[in-house]
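One structure coming up, written as structure tokens, with questions to follow.
The chains carry the letters A, B and C, assigned in the order they are written, with residues numbered from 1 in each.
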Amino acid sequence: MHQTRINHSKEVPKLELGEHHGKGGRNFGDGVFKWMSAVFAASAVFLLAAMVIQMTRASALSIQRFGFGFLVERDWNPVQEIFGAFPFVFGTVVSSVIALLLVIPIALGVAIFLSELAPGWLTKPLSLLVELLAAIPSIVYGLWGMFVLAPWLLKTVYPILTQTLGFLPLFQGVPQGNGRGMLAAGIVLAIMILPTVASVSRDVMASVPKGYREGVLALGATRWETIRVAVLPNVVSGIVGAIVLGFGRALGETMAVTMLIGNRAEISASLFAPAATIASMIANDYSGASDELYLSVLAELGLVLFAVTLILNIASKLLVWRVGRIPGAERSL
Amino acid sequence: MGVYQRRKFVDGVMRSWCILATLFAVIPLFSLLAYVLLKGVGGLNWSFFIELPKPVGELGGGIGNALLGSFVLLAIASIFGIPVGVFAGVYLSEFGANPFGKLVRFCADVMSGVPSILIGIFVYTLVVLPMRSPSAFAGGIALGILMLPTIIRTTEELIKLVPNSLREAGLALGMAKWRVILRVVLPAGMSGIATGVMLAIARAFGETAPLLFTAGSYPFWSVHLNKRISSLPVQIYEYAGSPYEEWHQQAWAAALVLVVMVLILNLAAKLLTSSRSHAR
Amino acid sequence: MITAKQMFQLRDTGGAVAISEEEAPLSKERILRSQGEEVGALGKMQVKDLRAWFGKTEIIKGVSLSVADKRVTAIIGPSGCGKSTFIRCLNRMHEVVPKAHVAGRVLLDGVDIYDRKIDPVKIRSRVGMVFQRPNPFPTMSIRENVLAGLKLNGVKVSRPDELVEQVLEQAALWGEVKDILNRSGASLSGGQQQRLCIARALALKPEILLMDEPCSALDPIATSRIEELIHSIGKVCTIVIVTHNMQQAARVSQYTAFFYMGELVEFNDTDILFTKPGNQRTEDYITGRFG
């Protein structure tokens, strides 16, 4: 909604009703109120800045000792103070990439269905369902993943994958007895970021003016051609933004991944094998680690995660904003 | 005819893909809700809500302390998060058309994307280390920070929807702007603020990661601000990670409680906004 | 508001559109129509008892009329009278709006376009449409916009460049865009965009071109260019144009239908309808007493 912001103080008649307001009472009160609320608003800026500073300070020791090179070192043995964080970087990126590969075709299908194809009576309940999916806490996904998804994967999906795609190193090796590992974590991540990717994509598609679709339809296009010609080219950046946003969420997701990935600082070609992510490592070890250097290393990993998710979030925001600028977009995003 | 048939075929394939994808997407949701309901409902009884956890091997026991702990944490978070968030939202809506407003909006958006575990680290270094122990206070602060962006942005969006004519009517009566905001705009936007608060509480309610090392866990009743405190999600995490069948059962039951609360809060927030937009 | 008679004087003396040469060949149709018969033999499209709804609201309440081949038929009426909905029914665009549905028959060359066996996609490639607001595809160049319909319909064009030139020429846009064919369609002015949309529709060689208030978003100069264009295309292509502007209907069309509250009140030769309206409501409307 566009609103003309009016500078009211100029428009109010300068009638001074002394009794009510006292001398200059109005301007004084306005000033106080404005400044007070501004201070509260500033807390968002302040907190973000404080986070950057605190996390940098917390990781100072580690940065001094190892710089950022330890991100690509492979050996991890905290007891001997060998900190090579590559297994966690690897686990974080690979599990999130698996999630993205799984989620993109499904989320786009859902978004197109909701925005373009679904009959009117179905759109609302389905959209609500997708939003509720996003509201369910991570810990519940983790619980379900541990006791329902992972055993099912172990019994049904892994054997099929080994049989059909077993020639790929990705699907070789014996899965853990509880089914947890890289693939299980990737799948639960996919389920968790699906609502985000789908609903942001749906919103950008819905912002394409109706006239574009009608123009194509009136040329004798099928429904799909209309979507392909009138909708998709205008929202590419928004969809990429939605995917980037989902990627950022996946990278930082903690509980469900911690419960499903197996938590081992190993790098394996097999997706069945256990792994660990930066977030899962912090969740497991941060409170337990009493060693100052170890804490600092974990904080530095957190700082890296912070920087990466920050960049992804900003990028996604800019990409989605671009869609809002197409001529005649139905609503601002 | 070949071209036409091919176009029809592609159209059919792509439509089916969208429909199948949607069906496929709702399967996990139904599976999750069904399991939480079926496995959890068996563990629910009165004592589950009011008793302390029992040691392994003893039957029964509840999550009373975790439930209380969650409420304590949310209360602390709300005391800090709601006023700051609401006033920040009011600022953005009423005075925020300037570079500072843009900066605040930007920071709030960025904050909502920060992985929650990192907020845990932040509060750990800021509160837990000086206090030398995880505490209800630290956990509450962490949840409060998590709630802030949601409250700020929802409040702003929904306060902006209050018609300008109301503001002008107040000003035309000779009220000062700050009185108009407090007496006219805020009451008119109350349901909007309530929506933001409910969404934020729903989110904070289910958050686990930042509580792991800020509030920790504690198997007894506690309302002390400076002591460790249990919470529903952390309790679920600990039960789920245990090797004991009975505890898994408790985890499902606790998850059912958590899901029901979160969904109720979300649906209520949804209803509030939709009844509002109907009224207008 | 000028009266209809003044309007016709204006038109006869100096208007851009001269109609005298057109009057003679039309006389046969005129006779047919004033006797109340349908112009079946000459009609390109017959609409029979058409009804259209949005949800439960009936927008079109049983309209029958006949669209003459290679002539311009104008639909006028106050806003909300259903004229836009009516022409959107003629290429099955009404049904793409949620909760909208249609009953009745629309015969294109004698075949009911609402027959179950008929695919609306095919109808829309035969019956083109130009919308109120120009809607060129912003991600395509001007050239691609012109060829979009052909490409969609899988038509192989042997010499696309010639076709683009020919169609843009026909749409009176070639001179202005011949050097910027690769620029985005969205970079043009509103009037140029609308002519591009007309060109886009013409490229498919439509049998009928539907125009839904094509000038309502344009300034007077752009409007007069579009009107000239309608006049010249109307000789080779059947046109149905919706307009809220009576002078425009008088200037560009040979036949005019007056719609009121979802009903067809009067349908006749344009100059008869505007000079000797047969119905009180028509007269009230064209003399500016309401609407």
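Criterion: a residue touches a chain if its C-beta (ideal position, glycine included) is under 8 Å from a C-beta of that chain, and two chains touch if they have at least 3 such contacts.
A quick note: this is a predicted structure, and the numbers were derived from the prediction, not measured.
Here B-C and A-C were compared by C-beta pairs in contact; the pair with more is A-C.
In this assembly, B is the chain whose CA centroid lies farthest from the centroid of chain C. Each chain gets a centre from the mean of its Cα atoms; for chain A and chain B, those two points are 16 Å apart. If each chain is reduced to the centroid of its CA atoms, chain B and chain C end up 54 Å from each other. Distance between chain A and chain C, defined via averaged C-alpha coordinates, is recorded as 49 Å. In chain B, the positions touching at least two other chains are 7-8.
In chain A, the positions touching at least two other chains are 222, 225. Across the assembly, chain C contributes 121-122, 153 as residues in contact with two or more other chains. On chain C, the positions that touch chain A within their shared complex are 91, 93, 96, 98-99, 121-126, 128-129, 131, 133, 135-140, 148-149, 152-153, 186, 197, 200-201, 204. Looking at the complex, you find that chain B touches chain C at residues 3-4, 6-8. Note for the complex: chain A touches chain C at residues 119-120, 209, 211-222, 225, 229-230, 233-234, 326-328. Within the complex formed with chain B, the chain A residues making contact are 1, 3-6, 8-9, 11-13, 15, 17, 20-21, 25-27, 29-30, 32-34, 36-38, 40-45, 47-48, 50-51, 54-55, 57-58, 105-110, 112-114, 116-118, 126, 128-133, 135-144, 146-148, 191, 194, 198, 222-225, 227, 245, 248-249, 251-255, 259, 279, 282-283, 286-287, 298-299, 302, 305-306, 309-310, 312-314, 317. Interface residues of chain C facing chain B in the complex, by the touch rule stated above, are 119, 121-122, 153-154.
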